[in-house]
Each structure stands twice: as C-alpha cells, then as structure tokens.
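Letters are used for the chains, namely A, B, C, D, E and F, taken in the order the chains are written, and counting of residues starts over at 1 for each.
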C-alpha cells in the first residue's frame, strides 16, 4: 500500500515533521510519498492562504496520485478536500477530519489546541463544516509569535501543555486534538502526560487511510462525490485538465 | 462608485447575462467592471470546479480590484469569498450570501431553484456554511442536460417555473432564490408571476455592495478578517503575492 | 421613493436620533416619514414592552403606510415584524434583521452591543428567531442606569467602546452590531476607530428598504406571508380592520 | 385554586369548547374563570392575528388576574406569553408550551395536527421558539374551508383522524398534539382510537397550571422574567399601566 | 391513584429524601410506593453507574408496577427511561425530563445545579438527548467531596445557594433546576430565597405523573414506544421476561 | 494485538457472522475473541432490549477484557458504550460510532439501511447522541418479518439493495451504512455494485480498534471518561464490582 501525503505549504521543515510522524504511524508494508507545495505560504492560518493551498494541493494531487492507494492533505483545515474527493479515483483524507474521527471514538467533547490566535476562527469553521460543533468543547491557541514554524513544538512545549490542561479543567474537554502539521508528532511525545486521550492529525490520517484502502468501500459513481461531469474547460495545467476528463 | 464583478468561470455568455442584470440593477452613478476567469470550466456545479474557480477569482481580484469600491464574486456558491474578504481592502460579496440576505428580509423560509441535480449538494453545504440551514425549505433543480449554459433560462423556462411552484406548494417556501449566474435576470422576468417574492443573486449583490460602500462599516484590522499576517511565500503570481504583503 | 419609519416607543428624542441617521443614510431622492408611537413606553427592553410596541406599531403602520414604498419598524427586536409583513402590501423591515443582514455580509460571527443588561435575553431570542444563533459571538451590554434615553451614546461613549473592544478580543467578534434605536448614528461616529466593521440598524434598514423597493421581488399571494385570510373580526381600530379586509 | 383562561379571539363558541374541556380536566377544587377577547378575529392562523390577540390578551390578563392563581392563554401559539410571564405576579401558561411539555413526557418525536394549511408556518415558528424543532416529526393540517370554527372537530372528524394516522405511519410521530383551541376536547373523544398517545393543549395547560401553583417555584425578581423596570409610559389602558408600575 | 417511585441506587437515605418530597408534593388521594435498587452504587454520577442503575430499575419496575398507575425513575439522568416507556403498560417518567418540563413552563433558559463535578458531563448529554441544549444556560456543580449522600443539601447549603446565584447573575439562568435525588426537597426549602423560579425533579415528576394519569393520553400500540415485538429471549429474570412477552 | 468482540445478544448465528467479518477485516497479527450475551434477546431493535443488552455486555466486558487490547460492542446502537469507555482501561468501540467515523471520511451525508421498521427510531436517537444529525440523509429499513436473524442478508438481498439505491437517488446519500450486526459482511458482498461507498460496522470497528491501539492516545485519568470514582456499592457480580474498585 502506498500513500501520497501533500503538504499544502512551502515549508520543507514541516514536510519533514509530517513525514517522520507518518513513517512512525504507518503499518508495516505501507509506503509514504511526500510532496510539498511548489507555491504558497510558509503555513496556513487564514482562509486566503487556505484558498491558495487548496489549488497547490490540487495540482500536486492531480500530478502524483498515480501509483498510490490514497491521498492525504497534510494540513489542518483540509484545504481542497471536498473537491479532490470528487475528482480522484482513490480515497482522499484530510488531517482535520481524520483527527476528528479519532477524537469521536475516544470521547464526546474535544478541544483543539492550535499554534496561533489567528487560526482559531478558521478551525471553528472547519469543525462547523464537519457538522461537529456540538461536540467542540473549545479551541485554545498559542499567543506568541512563531520564530520557526518547524520548531514550534519545541519552542512552545510548556505553553502547549498548559493549553491542554486548561482545556480539560476549564472547558470540559474529554479528548485533545493537537492541530496543525507543525505539531505533528507532539501527541506521541506527550503520551501519558496528559489527563485525557490526545489525538494527532497526521497519524490519524495515515491509519484511517490504511483502513479505507483495506475496507474498499468503493468510489462514488453517482451523487455529489462522483467525478465532475464533463464540460468545456480551458487554461488549466494538464494534470488538472485530465481530472476533468479533458 | 465602481464595482468589480468577477465571473469565476470561462463562459462569456454567462458574463454577458451577469453584466446585463448588474447594469439593470445598479443605481445611477454606479459603474460596472466585468472580468471573466481566464482558466477553469464552463460553469461550476461541483466542489472541485469551485476550488479552481476560487483560485481564478483570487487572481483576477488581486489584479483588478484597484480603482473599485467593492468586489462581487459572481457565481452562486461564492468560491473564494472568505479568503478575499480577508485579503482585499474593500468589501467583497458573493451571489449566494447576497441572495440569502435578501431572502431573509422577505420571509422566514426560502427554497433554492438550481440548474442541475449535481449542484444541489454543494448549495446545501453553502447554506450550512452560512448558518442558515434552519431556514432552508428545500433545494429543487432541473433534471435535464443543459445544451447551452447561456440559454438555460430560455430553454427551461417552463420547468423552472414549475420548480418554483412546487417549492411554494409542497415545501412551504416563503421566498424563492433563483440560484446560479446562468439564471441572472430571470427573477426580473418572472416578476408578478410567482406566488411569493423571488430573489436573484446578481441584483442582490450589486445593491448590497452599494449599501456596504455607502455605510462604510470599515475593514477589519484585527480578528479573522484582517489581512493575513506577513509570512514567507513563494511562487505566486505577483498580484497574489502583493496581497500577502510579499 | 418614500419610506415610513415607525418608532414603536413614545420617546421623541429617540425618534429624532432615528430620523437624523435615516436622512444621513438615505440615497438621494428617498423621502423619510417618521411616526412615533402614541402609546407605550420610553424604550423597549422586555418582552412585555415589545408586545405593547408591536400593537402601537401595527396601528401606525395601518394608518400611514399609504403613499410609502416600504415600512421600517425602528426598534431593535423588530416588534410586530412578522405580522406586518403579512398584512401590508409593501416591504416591511426591522432594525434587527437589517443589521443582521449587513453583518452577515461582513464576517461570519458578530457581537451585539446593547444599552441595558435586561435587554440581552430578548435580543438573544430575536437572534434565535432569525435562525442565526450559530453566528452570534456574544451580546454585551451597559450595566449603568440610563439617565436620558436620547443621550445614551454620549453619556456612555467610553463604556460602549470598551464593550466593542472586548467583544472583538475576548469573544471573537468579526463584526459589531450597535443595537437599539438610542444608538442610531453611533456606528457612523465610531468609523475607523474600531478593529472590525461596525453595523447600525437604522442605516442598514434604510438601505435594505431601498434595495427591496428597487428589486421589486413581489408580495406573497400564497404561503404564510400572504395577507391573512378574511374572517370575522370586531372591535378593531378602522385602519387595522381595513388590513384584515374588514 | 382559581385559574383564569383567556381566549385571545372573539369566538364565544370556541370559549365554550375551551371551558368545557378545562372543567373536565381540572382537579376537584380548581375554579375556572373564562374571558373572551373583546376585540380581534374569529380565530388566529397568522402572525398578524397573533399580534392583535396578544394585545387583547394582555389587556384582559391585566384587568382580571387578581384573585387567580395562574393565567392560561388559551390559543395555540401562545400569543403574548413571554410578555405576560414577565409582567404578572402569578404563573402564566400557553396551550402550545403546555401541549409540548406533555408530549415530551410521552415520547421523543411529536406531530402537530392543525386546522388550516395557513396556520402551519406559524406553528413551526412557535416550536422553534420553544427550542424543540429537533423533536418535531411533522405538522399536518386540514385543507378544507372551516364553515364553523366552533364545529371543526365534528365537521372534519374523519379527516382529522386520517391526519393523525399518517403522522404516525409516514412521519414517525410517537405522540400526537391536536393543536388549536377549536380542537379542545378532541383528544378525549379519540381516547383509545389512535396508535400513539394524544395530547390536548387545554387539558395540559390546566393540569400544568395546577402543578405550578402547587409547586410554588417562585416568581422571578431578577433576570429577564422579572417585572419590567419602571420607566416613563403614556397612553395605555389603566390595567396595563398598572402592570408597568405606572 | 398510586405511583411507584424507584430509586436506581442502593442508598436508603436518599430513598427517604425522595419519599418525603414525593409525599409532600402528591395530591390528596395519591399513594406512593418506594423501591430501592437491590444492587448498584450509592449514587450515580457516571455513565457506567447509570448503565447499572438502568438494569436495576428495569427489574424493580417489571416486578412491582402492577397495581400502580405510573412509574417514576427517581434519579436525575433518567436511567432506563426510554426502554421502560416502551415496555410498561403505564406512563413512566424520569426526574430529569420532569424537571425540564417544569422549567420550560417558567422561563426560556435554565441552569442545572449538581452535586459533583464529575456528574456534569452526563447531565449535559441528558439535556442533549432531550433536545433542549439551546435552552441550557449552564451546569454548575459542587466541587467538594460528599461526606454523606443523604446529607448533601445540609452539608453544602451555602455552596449550593452560591451556585444558584452565579447561574442567574453570570450565566443568564431564568430558571434553576436543583438536580439529583440527593437534593430532593431543597427547592422547597429555598422558596422565596432565590431570584428566579426553582425546580425540583421529584415534585415535578410526581405532579406530572398525576397529570398523565388524569389526562389518559393512551399507550402506544404502534411506533417506537409500542411494547417490543416478541422474539426469542433467554436467561432473564422472570419479571423482565414477562415484559418481553416471554 | 487481541480484540474482544461482544455480541450483546444471544444469537450465536449472528456471532458467527460478526466473527467471520471481523476475521476478514483484521490485519495480520490481530487476534479475535468472541463473546455472546448469556442473557437477553435474539436481536436488539428497541430501547428496552438495548438496556438489557448493555448490562449483558458490561458483564462480559468486565469478565473477559483482560488480555485484550480493545473491546468492541458488536451491535449497532452501541449499547453500554459510554459506560464501558469510562470503566475499562483499554479502548472501547461500538459498531455505530465506528461506521459513522468511516462514513464521515467518505462523504458528507450518509443514509443508514436497517433491518426492521421498528429499529429506525432508536438509530435516529443514536445518530443524535453522536451529534451527527446534520449529516444524516435518511434511515430506510426492511418492512418484512425476519424469518431467521442469521440469514437476513440472504433472504432480503434484493430489498436491501433497493433501499440503498433509493437512499442515493431520493435522499441524497453520499455514503451508505449497512446497519446492524445481522448485516455484517454485506458491504463486502456488495462491493462495486452500489453507486456510492458502502460502510459496514464490524469491519470499521475492527480497523478503528487497531488504529486506536496503534496510536495509543491514552486513557482518561480526569474528566468524564476517567474511571468512576470509588463509592459504596453492593449486590453486583464480582467482575462489575472489580471495575468499580470494589
């Protein structure tokens, strides 16, 4: 089995974090391919950056999904997820929805711990789009500048742990989601140190992707996740055009 | 006052429909600039096509918003709306949210009449993202192939009217929204012929844009609709890069 | 175009505030007629006072709507709105729904700033009735007695601004609604001084009324906003009786 | 114990139906006082008629509540309920909320059977205002003209029973609410003939009023159901003015 | 009329509190039978304890409901309620749903005051299952160990009253529910001392049970609250087997 | 890795179906232990039967979880799930929540196909308890008697397939969940024959259990899924008593 993970951002340091956690999480026999966005920003914390990341991800997915069994959009917020789920012939998963799926199997109400104040509004909208607002206990976030996006979990270790503790004690969180690819692997590092289960998006996505590949639920041929109907198009990169049947 | 309307699709016939209705709806003294996506598909009915349309719209908005007082994303579904609202220094409106705002001032529950079966799931998600699902009476759609996207409202006049009637009589619609830029102007043509108020996205967006320009509510400088914080980026078209402060 | 604005309360000082902001907001060529409730209370902050204000408004609307193109119920909370929307042959708008419509075009989540602690519960119910609770970030209110209802925005300028700041910083408000006719015009005064867009009910209602008059969406002849079916009635003021077809 | 039941409409034939069911339902020792609106319409099926009925009810309640232990607003839709709950020193109940409270003790999802098509939209809003939309299986209604409002349950006996059956079999109703004062007593007549429990608003309200009087939960002195704060008022009937502390 | 109250826990001291409040609340002529769980825990504050309490309650209800007109599950959280409502030929009520029904007749938004921090999550789920989350202002709870479950309301009188005050002043509670059988009777003791109406589960359940017996709404013979369809079973206590038609 | 699957019902034929699908779905190296309820009914389709099944499951889980890495409650509806998640030191999963988690990774809106009309109301409540009602397209069910619970999927193959087709075409289902242990394995048999992805509870639960064991998110030591606090208990089977710290 071979999984394609796409970092929708340009930060190779974050790609390395994602890859490391993906390899630690994958079952024996699962291969991991990494791609990093060729254009975009260092990390996504706004809707505008997500718009750009979605397009960058779509291009990479269109070009590289061949030879893979599933695609993972490796940014919290899942930029481009719905569209690629329609267009690709294989399962597509996002970090957010994967973390949410894991969290829902561990408790009723979860809190999300994030890396910047700004990012919280977008995460709230993502939870709403997933229909899970009633189970959201809170979103809490770091409030300091991030000197290096690849070193967030080291630079802010104490602050992140305090946010987790407060989510449990003040917000009633029964599960913690450590959100954002820059925190990939932190859940593993905190094992046994937090009072409730802790979920990581990358490892969740890798394992859920393996599950979907194993279960073979089938690709939609009717309904809203079937491939887009053929219609005139123009000006698209060849790989995207190919997905549109062009 | 000058409004920039961007058709996120490549169909110049639809741009012409949008422009005609925009000019009919605008107040005296309001100028209209039209832009048509340089790449993409003939019309959006899937999440994947919306992803592409969002990026095409962002590029046009970045290039051309100078000298305008507001931007209108002229496709139902509002591809790219949240992101552009952050990034641009002037108000940005979408056809969906504008039609919903009008509908909410005319009754409690509305139905949406759409041009294809496939498009309905996406519209449902758009209403959910707007938080208005409790007021959605139904979505009804044509179920025949569209020979010419610029002539839908003529080719399917009877069927569209029947869908409106059924929404009122069977679904309890108190307002009808005629959805999709290809139906621009149809509400005007049906004036007085339907048993409930009828709303059009283009004319709603033009008038609401004028209202926001007149009221000058201000651009966010804090919170999640402030411009994205500066951070490293690469590989973007110059206009997009400029919006990112690059 | 001629708009009828009805102050559901007896305070002529508030009528003057409403009128001033209405005239500042109206397009050239839009005429403004003001009416003040002949019976009722100084300002509405409870459900009981709203019940009285609704009846006072209905009487004035029935008597005076002739010769106007739209009616505006000029109190936050929109007393009598649903009923008058059924009964009158022209569009009827309320300050709350108009401010909500504007806010929804400027951001996802809004906070409401109000003039008294007591009024908050009723406003919360109004937002719920509009189906927009998921987008409500918070309601915050003054907690001092109001010496003069016509001078609230001057007497409490600093406190009102602080409430706005806290709604943005602590509650995640992306838009601020300054609620209540006694605050009419304050949004204009605060332009450029708050970190998110600010919405005012009076100016929103005036502009949205102009929009509905311009778009001519039509009056319901079927469904729940058609005029009430004829049936026996007695004891009503002649103008109300006339609306009932009596 | 003495209960004041107010028919917000002018139909003495309906008052007689209400009174008969109230007397059949009341515990020994509970006295019943009936009042009929002095102005208004024959029966309420629109928001506009409810607005009028609310004011008529408020006047009667203000004049006659002395010497009673609780007030019942004897129309489905509960016109004026929130306001009178604030203003009166004794419990106030409505037929809708009382029927809903009974239904919630008998099953999870209920259907409402109503006397006219038009009335359904308003009832849906009432259920929403009570926060119980998730438990509403359906609203079904007669679709024939009502020759005599006092004889609806006799004239349409078969049709009403069929609506109940369909609500159970097609909509999943676990409880049936027979809505509207003109149907008072019908639940008693249908006892044992329907496949699920049947609830009546009048008998529910009478028994729940007795319960509240017996339990003495107390009248709010703080919060949004405390009496309205004193403020200037004018032009009100003396009884209403007295409730405002005037 | 004869009511069977079942304490799902093994604490006879709590049974005594329940019985005392039930007798104080019952109408003349209403007989009270008490049963205490033969197995289980001292009081329920977790889902696991509720699972056990539900089974203990089912056994007692199956054995003892004969000769009674209604059954009350006398623990907040209503363990076993849905199942017993299906299986028994008479009305079954729980303390939670009964308190919620009373609260909904006294105000819009209620707070629940509970005896332990741990119990809050379960209560929140119970409110959600009742579909009333939109009306929940808050849940507040004691944070001290309970030396004696039968003496909680005496040992913690001051703390409980403070929780009530804070729910009103900080959370906007319009009604207070004192939750949990160990607090039975406290609402009566606090009469007149709190600023909003106060509701007790035991007295609410007793009076609502009397109401349902009096109204005779009927037992479901179709739909999801009809008795379970006959099917093979084994290994059950005879009384449970009898309810399954065995 | 070793998983304990508990059939909450007494039907060994269903246990065999569950076991077969569990073994087909498990990864190499995952061992499967089956337990069948020692008391209860042939299959659960009511809340009352679920109450019994929950207690039977709790006893088996308490007795047999030692030596296993996770427990699966192998009935749709997940009887006893919340309680056992608190009480056991290892992950506990249910078929419903596992199928829902899979479905949420494959599309937005899902339909549930069930084996009896009666069972639908309970399933609806389960979806509500999982907070996923907004994503539920429909529940459809067989309407014929089940001659043999172990042969449902063979006896009703055509009818089940027709229900799936209608859910897609009429209800907008984007994913199908085949619900109930008696349908275990049917999704595998239907692979490639339905127009949307199909999900099975048993295989989903087995794979998600493996995922949770692999990710080691940790057991709650605080909050509402920590083990129940110690308190007096009596009369319980030794294994249950042991879970309570007795």
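What we mean here is this: contacts are C-beta pairs under 8 Å (C-beta built on N, C-alpha and C of every residue); 3 or more make two chains touch, one makes a residue touch a chain.
Being a predicted model, the structure only gives us computed values, none of them experimental.
Trainee: Can you name the chains that touch subunit C as well as subunit D?
Mentor: Chains touching both subunit C and subunit D: B, E.
Trainee: If I list every residue number at the interface of subunit A and subunit F, are over half of them used by both copies, so same, or under half, so different?
Mentor: same
Trainee: Cα centroid separation between subunit A and subunit D, in whole Å?
Mentor: Spacing between the chain centres: roughly 51 Å.
Trainee: Report, in whole Å, the distance between the mean C-alpha point of subunit C and the mean C-alpha point of subunit E.
Mentor: Chain centres of subunit C and subunit E, defined by C-alpha means, are spaced 43 Å apart.
Trainee: List the centre-to-centre spacing of subunit A and subunit B in whole Å, with centres computed as mean CA coordinates.
Mentor: Centre-to-centre distance between subunit A and subunit B: 29 Å.
Trainee: Among the residues of subunit D, which are close enough to touch at least two other chains?
Mentor: Residues 82, 85, 108, 120-121, 125, 128, 131, 134, 172, 174, 223-224, 226 of subunit D touch two or more partner chains.
Trainee: Return all touching chain pairs.
Mentor: All touching pairs, sorted by chain label, are A-B, A-C, A-E, A-F, B-C, B-D, B-F, C-D, C-E, D-E, D-F, E-F.
Trainee: Note which residues of subunit B are touching subunit A in the complex, please.
Mentor: Residue positions touching the partner: 10-11, 38-43, 45-52, 54-55, 58, 80, 82-87, 118, 120-122, 125, 128-129, 131, 223-224, 226, 228-229, 231-236, 240, 243-244.
Trainee: Which of the residues in subunit E come into contact with subunit C in the complex?
Mentor: Touch list, subunit E to subunit C: 108-109, 134, 172, 174.
Trainee: Okay, in this complex, where on subunit D does subunit B touch?
Mentor: 120-121, 124-125, 128, 133
Trainee: List the residues on subunit C that touch subunit B in their complex, please.
Mentor: Against subunit B, subunit C makes touches at 25, 27, 82, 85, 91, 93, 97-98, 100-102, 104-108, 130-132, 134-135, 168-169, 172-175, 187, 191-192, 194-200, 203-204, 207-208, 210-212, 214-226.
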